[in-house]
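Two complexes come next, and they have one chain in common, chain A, joined by chain B in the first and chain C in the second.
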Partner chain A sequence: MKPGTRLKSATCDTEVMVIRAGQGTIECGGAPMAEDKQSAGEPAADHAQGTLIGKRYVDAEATFELLCVKPGKGSLAVDGTPLVTKDAKPLPASD
Partner chain B sequence: MSAPAIPLTRWAQGQLDALAAMAPGAALPEAGALLAERAMLHGLTVPGDVSCRGGCRFHRTRDGWVALNLARPGDRELLPALFHTDAPVDLASGFAPLDEAEAVARGRLLGMAIAGLCERPASPALATSAQGPNRPAPHRPPRVLDLSALWAGPLASRLLRLCGGEVVRVESRGREDRLRDTDPRHFHRLAEDKRSVALDLRTAAGRARLAQLIAQADIVIEAARPRALRQLGFDADACVHAQPGLVWLTITGHGIAGEAANWVGFGDDTSVAGGLSARLHAETGEIGFVGDAIADPLTGIFAARAALEHYRTGHGARLIVAMSGLVGEAVARDPHLSQDLTAWNARRGHPVLAPEAVPC
Partner chain C sequence: MNIALFLEMAAQAAPERTALVCDGARFTYAELFAAAQGAASTIRQSGADYVALLDESSEAAVLALFGAALAGVPYVPLNYRLADPDLAALLTRITPCLLVGDAARAGMLCEDPANTLLERADFVTRARAAPRLEEADPGLGVAVQLFTSGTTGAPKAAILRHTNLSSYVIGTVEFGSAEEDMARLVTVPPYHIAGIAALLTSIYAQCRIVLLPAFTPEGWLDLVAKEKVTHAFVVPTMLARVVEAIRAGTPADVSSLRALSYGGGKMPRELIEDALDLFPETAFTNAYGLTETSSTIALLGPEDHRAAKASQDPKVRARLASVGRPLPTIELEIRDEDGTVLGPNQAGEIFVRGEQVSGEYKERSALTADGWFPTRDAGYLDEEGYLFLSGRADDVIVRGGENISPGEIEDVLLTHPAIADACATGVPSLEWGEAVGIAIVTAPDCDCPPHDELCQLVRARLRSSRVPERTLVVDTLPYNEMGKLLRREVKGWFGA
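Let's look at the complex of A and B:
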């Protein structure tokens, strides 16, 4: 996947720009994203945290980095593993 | 009389004179000194196609020119996406095959501070997005809460301080004003005589304290992109509707309407987006920057004048200042701009001078 490729969610309004990508399937709302708009219904319940415009999303190894250019209800993942916002800190184990 | 060192100084002086008229006895600096403030601190020279501090550069596109500001860490990571390629590519060959408008649109989508030589500002200098309940015109100096960083917002609050206002500066933990480290002398000059409060806006306690500070303020100054405040749970329009007489000043690169709300802008690239470099090109045939991040000091001066003017009426409002639109207005209104640009261009490579230092 070339940097600069623009991908659309099949489950919501989310659109991302690929900053960096490795091997794997980029998904939103639990369904693969594509350059052309596909329709796969609503985001799956466990992939429906939503995306925020302007945020950069990465995987744990920072192999993938996606920039959200249009927000939506689904959440981003690669091969089923959720991506996190680049500046997000892990939550504390307990309060 | 000698020509002002930096073009648009006379327009800026008009704004400062209007500010001074509202604060009799205030000792305000001259516009020429404010526009040249950083250049004088660092002995900067009149720039060509690379900005005074080197962060913003012009690049040739297939049909025109873009100015790209790589001001923040992480901006360079976006270049492969900007040029749609896996291979390493230098900026000159990356931009060469692109159209100016296409390169600008693509860069802005990626959140880069970029502008096209030929573009027109997306928003007017000043817009009002909300009107608040009125209160009787106040007869005391304003309490100013400054949430902004870098140059434009802090200059606006510094001028309001010089006009007698009390200024509280919020330092956001985890998102500190980088100017403190990158340019401590300029930072301290802008922060002079202001109180400061450090808040962690990532915590509920920090956000609650911010809400209290807003409730005590007459003028709030911020320069966050609209979505950043919303994501923290603050709605500026709602604050203005709820608090009689509150003047909420939002400083933006390109306004808050439509897609432009998400565009980033800094002092040099927004001066290009406002048409100042296009005018320099029309007058001299040269591609270059005018002033040192000139949209920043122009915006600080204009914003202080607009905020104090509103405060004194007692009419609450949210004022949206767009840096590119403001440069566009100054370019359209300064009657001496043509000759000042010619003089500016002739001094390329020579020190930027404050007016009193220009030999007659």
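Let's look at the complex of A and C:
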């Protein structure tokens, strides 16, 4: 998956931009995400935490990083493992 | 990612928030995004390969930036202060273009019929009326092309890709992090990287952008009070003029100003100390960056400022004159001429690497094979990793094989009460290859101190190799409009 690719959820309104990615399937609501809108029903119950616009989502190894550009009801995962939000220390405004 | 997505996200998350205030015009985030989409279809319809701006800051500059991004063509803000022949030469490098701003001047300088020339108001009206561009992905090509100021030769076309700028924004700002009342005053010209970066980071944070098209200290203070500005960026010259205006009794209410950042040139130590006293409640941040690095790569934050000012330790105090530490998202090294990486307190050339670093010109990339950008800026890191700048690598005076930074000599000269301004430069020397020459501007009603006295002053504070061989007394030193000292011109005065 190339950085800069915009992916859409098949189970909710979520859209993400790929910032970095490795080997594996990016999923939302338990179903694979794709560049074109697919329909796979509602998010699976254990993948329905929701996404927040502007949040960055990463895996434990930081191989994957996704930026949520449109929020939805499903939650993000790679090969079934949930992604977590990345909290960076804010920097003072410099320009 | 494409920078236009930042505006789309802000419009989605906070449609009713005020995005932009300029000369009485106000846009919400939803309105600004809609107008940017209209601008994109206007641009696409013109068939232009570039969107040029020949104008001061206004809503048109913002619409041109994001309209160009949505249309997938580079945005090229031009320096309207350039002389006609220089500007004409740049215009021939960006045809066919849609040019916004001084259409009459552009038409006179470049008669290419393929260009579309629109006055500011005309462009804004069309953008607001045009339908949105119904089209696929504008891609991730060049977002911004900036002609570098050319203090060291002919202007180069520096290229910033969407990926460079978006990495900078995502890496340094949290989306939607602006408090409800946050207002950023943007006053640097639109063709300066700090002006572009300010628009992008402000929109991503969702703050209210207050534009001041042409800087005057009175206008700046007036807007701070009227719009309850909370954040602002200034170049040192602007800060000096604001401080001067307040001292001269210009009405000033800066109580809303929580943060003031500065950069773009060397900040005199005295000026920043004065400013810290005049704005006791304001958090100061010093930013260092280049066009080729998508703006800031190092910063000295508010806590660093306070710690340095309050410290008794001369090492910590000295950090007030540093540009702080590199951003966590980039790598920074100091290297000598052979490319060897230097340790703390050893001066050399600053190299940077990271996703925000473009290091790319239209003609060629300046990056090394492994992605490092040689900034041509000279400097060193102290033991704690604070970066100190010592001028352009090209400005270093090489006297008998010894590297001398002009800044250290100037700092010493400026401690003399009779000296208002000073520039040190390399002058030809039979004995040393190059020796130190100084150009001096005397303080009002002062005579220039005798050459011997200046030599003694430098010798007492620095090494004897720094002692000037030649002294020139001048009325003023040459600066560009961003307050950058044009050392090459001074060098020319010595016949070098």
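We take it that the second predicted complex is superposed on the first by the 87 of 95 C-alpha atoms of A that agree within 3 Å, B and C clash if a C-alpha of one lies under 4 Å from a C-alpha of the other, contacts with A are read in each partner's own complex, and residues count from 1 in each chain.
We adopt the following convention: contacts are C-beta pairs under 8 Å (C-beta built on N, C-alpha and C of every residue); 3 or more make two chains touch, one makes a residue touch a chain.
Everything numeric here is computed off the predicted structure, so don't read it as measured data.
The partner of chain A that touches more of its residues, comparing chain B with chain C, is C. Judged by the touch definition given at the top, the superposed model places A:P3 against both chain B and chain C.
On chain A, the surface touched by chain B in one complex and the surface touched by chain C in the other have residues 3-4, 17, 19, 53-54, 67, 69 in common. Of all residues in chain A, those touching chain B in their complex are 2-5, 17-20, 52-54, 65, 67, 69.
Only residues 3-4, 6, 17, 19, 53-56, 67, 69-70, 88-95 of chain A touch chain C when the two sit together in their complex. Within the complex formed with chain A, the chain B residues making contact are 77-78, 80-86, 106, 109-111, 225, 227, 231, 262.
The part of chain C that touches chain A in the complex is made up of residues 1, 5, 8-9, 12-13, 137, 140, 162-163, 170-177, 184, 194, 197-198, 201, 204-205, 231, 233, 259, 261, 263, 283, 285, 287, 289, 295-296, 299, 301-302, 327-328.
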